[in-house]
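There are two complexes below, and they share chain A, which is joined by chain B in the first and by chain C in the second.
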Partner chain A sequence: MAITTVPGIRSEPGRPAPSYPARSQRTSLGRKVRDNLTGHAFLIGAVVCFAVFSWYPMILGVVMSFQRTRRGETTWVGWDNYLRILDDPSFWTAWRNTFSFTLLALLLGYAVPFFVAILLNEFRHAKGYLRILVYLPVMLPPASALFLFKFYAYDPSEAGLFNAILSALHLPTSQWMQSPQMTMPAMVIASTWMNMGGAVLIYLAALQNIPGELYEAAELDGAGIWRRIVNVTIPQTRLILALLAMLQIVATMQFFVEPLILANGAGAEDSATSVAYLIYQHGFFQNDLNGAAALGVIMLVVLAGFSAVYLRLSAKQD
Partner chain B sequence: MAQDSGTRTLISQAQLRRGRGRFVYWTLLTVVVVGFTLVFLGPLYWMVTGALKSGQEIAQTPPSLFPKDPQPQNYVDAWNNLALAKLLFNTFYYAAGALVFQLVLDTAAAYALSKLRPVLGNVILAMMLATLMIPAMVLIVPQYVTVIDLPILHINLLDSPFAIWLPLVANAFNIFLLKRFFDSIPEELMAAALMDGASPLRTLWSIILPMSRPILGVVSIFAVTAVWKDFLWPKLVMPSPETRTVSVGIYAFSGGTPMNVVIAASVIAAIPTVVIFLIFQRNIMSGLTTGSLKG
Partner chain C sequence: MSVPQYRKAAALALVAGLGLSLTACSTRSDDAGTDAGGKVTITVDCQPVGSQKELLKNWNDDVAEFQRQNPDIVIKSVSVGEQCNNPPDFTARLAGGTVTDVFYGYMTDVQQVLDSGQAMDITEFANKDTIPTWDSIDPALKEVFTDGGKLYAVPVKNYSMGLVYNKVLFQQAGLDVNNPPKTWPEVRDAAKKISALGNGVAGYAEYSAGNTGGWHFTSLLYSQGGQVLTPDGKRADFNNAMGRQVLQNLKDMRYGDNSMGARQLLQWGDLLTNAGAGKVGMFIGAPDATQAIVSQFQGKFQDWAMGPLPGQDGPAKATLGGGEGYFFKKDLSPEQVKAGLKWIAYQKLTPGKGQFDYVRAKPQNYPVGLPQPLLFAGGSEAQKQELELRKANANVDTTNFAVFEANPVPIKGEPRNAQAVYAVLDAAMSGVLTNPNANIDALLKTAEEKVNQLLAAES
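The block that comes next holds the complex of A and B.
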């Protein structure tokens, strides 16, 4: 999609752009708002929505985590909510599950789309068809896709799709969601199938921006296909690779529908409980919105800490 | 797509045309086309035909590839027993409203931030973009508490479509996409409109919006599909059976309904987004890459 611009006309750098209406530099804030009523009227709707549904809840989340509301009465309780949450045996299970889900999803859902994109980028035929196929699952409502996996693919008898394939290949079948060991891989497979299309398309766009001369030069220097991937493709797409790794980790650490639908929540021997699911449990089943808010703050701190470490590491590499 | 056959990629054209390269290329292409069809389309085939099988047929081993005795009754049962018409209507209503609210309020705000130079515009923009860093799950509890008792007004929005529409307006990604697009429209056009005596609203309507059709299309498609795919938020703020979305409704019934009927309902629920995708796939794919790449 081309960004429309008028060729030949460019705004000169030092020249201030015209504004509605022209205002002087020395007027007060209130005067500025009054002079540019239209501008502020245009902005106000979105700003109110951000204020009420985004900025205010951010503060409220932290405030709530230090309060306790019982029978309509709210009191400050210090770190009580955090201590209660840490005391819950599910807390550590949920974090362990969340980390293993994130790690598995990264191994499967990060490398696979990259190589799929490299492969698709080489094809001169059926390009449109393959792109549509890869992205199709992304458009399904997750609940629909997960019911498909739950009832038809992960059926523990040999009537299930996966077990039927495994037994046709004379491989051992699996109990899938009913086995605590298989719960996590099964959720990661479903989640990767549902979500990888977006990453593939973004990588494809990045691959198309790599100048062909780089590959030509590498080939002249005698670099084989693998060397060309390592020395040209990966360095040229490094920024987008780093960005998507970050986004994927933050997204997968919040996984929620997979345990809820595939594993009915906690799963066999608590093997599916995620931190997000625990927030939901505390907030909406155990009537403990304050504890859930504390858990949310803990999650925010972990994700922010993780992002900081990641940014530091990737900055060092540059 | 921008790539034409002349663009050099990892492997050169010449190599692909020569004897062995040609053979490898066509073999690989066939394997990938067949493999991808099985992996990505296969489960959907399984879903649509599985929902046509009877209870006994779905439990038999090995499973049958085609339904022996197709039971369209499963789809009829899904439609009637789960009140799918009502659920689909609700979801459609929420999606349409979300589309209108986002288009009007986010476009207006992005336009103001890009062209009208409001007081503290940059600070507001930064605060909006900062919300992209906050994971959705972290905000779910305080957002819910806000919605059941709005600050100052003390209104409870549970079961009201505004509980879905208004929080979606606070979408920094939309603002970012739209503002960046508006930024690329030359100031000279604005100046010319101003000289002709056009008001800011008139300039937006007659000059900016017609130029912005592609980006408005992208924002619209994502607004609609986001509502259709969302699960947890509508589950929380639309607790009554009459106001549920289709995904939440199917989930609510999934416990006590035969699984073939649940799958039939899931197929029906997926049809609208799949149709949207097949119609608008070009816009969706280009929107996906503009949004993420050329920052």
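The block that comes next holds the complex of A and C.
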């Protein structure tokens, strides 16, 4: 333990200065608080906001998942809500749909922005305009963007944009959101279009941090564009790639607005029901806030599992 | 003030402001009740929104007149949106305990309201003293809002479903506008002729999303004489010949005749938007669907007429009914409950006043003459007065609803746990409307298993 001399106490000649370890620590802490009063005051605001609007509702959600309210009386029911939710006929359908969406979004929504960023990075001219073009959809409110897809692109008649293009190419048209097989790909396409602008900008920033000498050396070694991407670009951006993969999984598993707007909820034969939409159904349409809370906790645990895997992997990488 | 001092002051002000706002959040705005001057104050929701200018003015005029007649009562109006009961908002208000003293709800909300513990028993207060027309109100409607012998709400609206059809399209298709289809095979024939007009017109349109598909499946099943659940409410009862017939009728129209349009997965607003645009020949709905088509979806009253719900081989065996009422928040004082009942009586249950002020509604182009709300019992004094006023002030062609009124179909209520059951049945409806190879038996079997599973988990 460090022993410090208390400032302001004069030592007498021939005698060592008195030392007050405990007090000195207190003083040090007090000084730290005083010195950073402004910072702490601002911190209190953030902490209170998080506590009231984020942590407290989360704790309340967990508590509610073990309770049942009937006739205004709230009672503890143990795991009943969880067992009931597991018995919900749509439970496994919703998880299957959610994992399908997440997987497809990883394949499409994760890879496409990366390659668009590489492409944009290669352009010599009109870079700014192209970036704005790519980022524009992000500025559209998600509901507006999805209504555009619903009424303009995914119209199942020949009048729909995508069907008109397919017709012009003499390809078979699709029922899009009205086909259980096409529901997921259609939602992923719309979601990728809406959200990829942000990811593209982040990838671009990462790409521009890669030293040019690495590419020059690779070229001198005879590496083509694909080898340069595999051996230079991907290793150099792996941290950003891993981070965005994690964020993407966590975000896409909570997809809600896509089924709500594109499929009017559950979609054709339940093909669009997501876990988040099922939570909404239980909470707001089925008089079952406790069941909704239980499903929310299950989802939290699954997402926490993914986050833990990510943290472990990234710690190993570092 | 130096910069560091300024920063400190700003930080302290921020913390103080946050603290105050949190305190404000936790403060109960419990100013309702009786004030020192002996005035009783109640808050009431479902005030029309600002964009509904005439309706809002009517409401405010009613409040002013009521307060003039009852100087000891103060009505505080609250608007909760154009749709007074949007289920997610309503659930949030119930769960948060922020409903008004007197609050609007659907007949299907009774269980949810009771479970939330927000409603009070008003049995001892609801009588002729507080509501002069109380004895004229259909007892079956009071029963809907009664649980365990206790009354929890006052009914203010009631409807039943029939076949709504577009007269203009009927004429263009060479159909008799005064003789709507009375059976489902006749509906199919008419739909085929109407859709042959082309231009994206659907001969018959139907819901299949957002729980509205299950809602209409229920009505279609009732028309066949079926029921969604067994009488004890414990098991599904639609996987039978009647359930199959409902889905087969739809599949035949959708894929056999291609008379239901390409766009499916419709819910309430989607179908009425198409109807308002003149793209729907027929659909099933309540009389006020025509009001929504006109007021919200730019349609015209004169284009629409209504017949009874069709049956399979003859008249429908039954039709789905529904309605709404006003609940009273728990812990109100007896004076507040009486004041609330007086207000409901004035605005919702008195011929010639409020919703029955047909003299006022007529020039405003709000429909007068629709065969609803079916609030008063047949032959009661209030019903006679209401019908006379309706007839004298009708601004819609009542002959458009004459067939519907002349052929009443027995009304059945919604099943237990309606919304959860409807969510399951949506999949069966969307199945036959989006998949040309849909296996009706498999769809019904899956839905039956799901509903049974759901009911078992609930019990």
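Worth a mention:
We take it that the second predicted complex is superposed on the first by the 267 of 318 C-alpha atoms of A that agree within 3 Å, B and C clash if a C-alpha of one lies under 4 Å from a C-alpha of the other, contacts with A are read in each partner's own complex, and residues count from 1 in each chain.
In this section, a residue touches a chain if its C-beta (ideal position, glycine included) is under 8 Å from a C-beta of that chain, and two chains touch if they have at least 3 such contacts.
Since the structure is predicted, the reported quantities are computational estimates derived from the model, not experimental observations.
Among chain B and chain C, the chain that touches a larger number of residues in chain A is B. In the superposition on chain A, A:Thr38 contacts both chain B and chain C.
Once the two complexes are overlaid on the shared chain, A:Gly283 sits against chain B and chain C alike.
In the superposed pair of complexes, A:Gln254 makes contact with chain B only, with no contact to chain C. In the superposition on chain A, contact of A:Ala186 is made with neither chain B nor chain C. Of the two partner chains, both chain B and chain C are touched by A:Ser157. Judged by the touch definition given at the top, the superposed model places A:Gly267 against chain C, while chain B stays out of reach. In the overlay built on the shared chain, the residue A:Ala117 is in contact with neither chain B nor chain C. In the superposed pair of complexes, A:Tyr129 makes contact with chain B only, with no contact to chain C.
Within the superposed three-chain model, A:Cys49 lies in touch with chain B and with chain C [touch as defined at top].
Residues common to the contacts of chain A with chain B and with chain C across the two structures: 38, 42, 45, 49, 52, 157, 280, 283-284, 289. Within the complex formed with chain A, the chain B residues making contact are 1-3, 5, 7-12, 16, 25, 28-29, 32-33, 36-37, 39-41, 43-44, 46-47, 50, 58-63, 104-106, 108-109, 111-113, 116-119, 121, 124, 127-128, 131, 133-147, 150-151, 166-167, 169-170, 172, 175, 181, 184-191, 194, 199-201, 211-212, 214-215, 218, 225, 228-229, 231-232, 236, 246-248, 250-251, 254, 259, 262-263, 266-267, 269-270, 273-274, 276-278, 281, 283-290, 292-293.
On the side of chain A, the complex with chain C involves touching residues 37-38, 41-42, 44-45, 48-49, 52, 69-73, 83-84, 87-90, 155-157, 175, 177-180, 263-270, 280-281, 283-289.
Remark: chain C residues 4, 7-8, 11-12, 14-15, 18, 22, 87-88, 91-92, 95, 111-112, 114-118, 200, 209-211, 262-267, 270, 330, 417, 419-420, 423-424, 426-427, 430-431, 434-435, 443, 449-451, 453-454, 456-458 touch chain A in the complex. Residue ranges on chain A touching chain B, taken from their complex, read 1-6, 9-11, 17-20, 29, 32-33, 36, 38-40, 42-43, 45-47, 49-50, 52-58, 60-61, 64, 118-137, 139-145, 147-149, 151-153, 157-161, 164, 167-168, 193, 198, 201-202, 204-210, 212-213, 215-216, 219, 225, 228-229, 232-233, 240, 243, 250, 253-254, 256-257, 260-261, 275-276, 279-280, 283-284, 289, 292-293, 296-297, 299-300, 303-304, 307.
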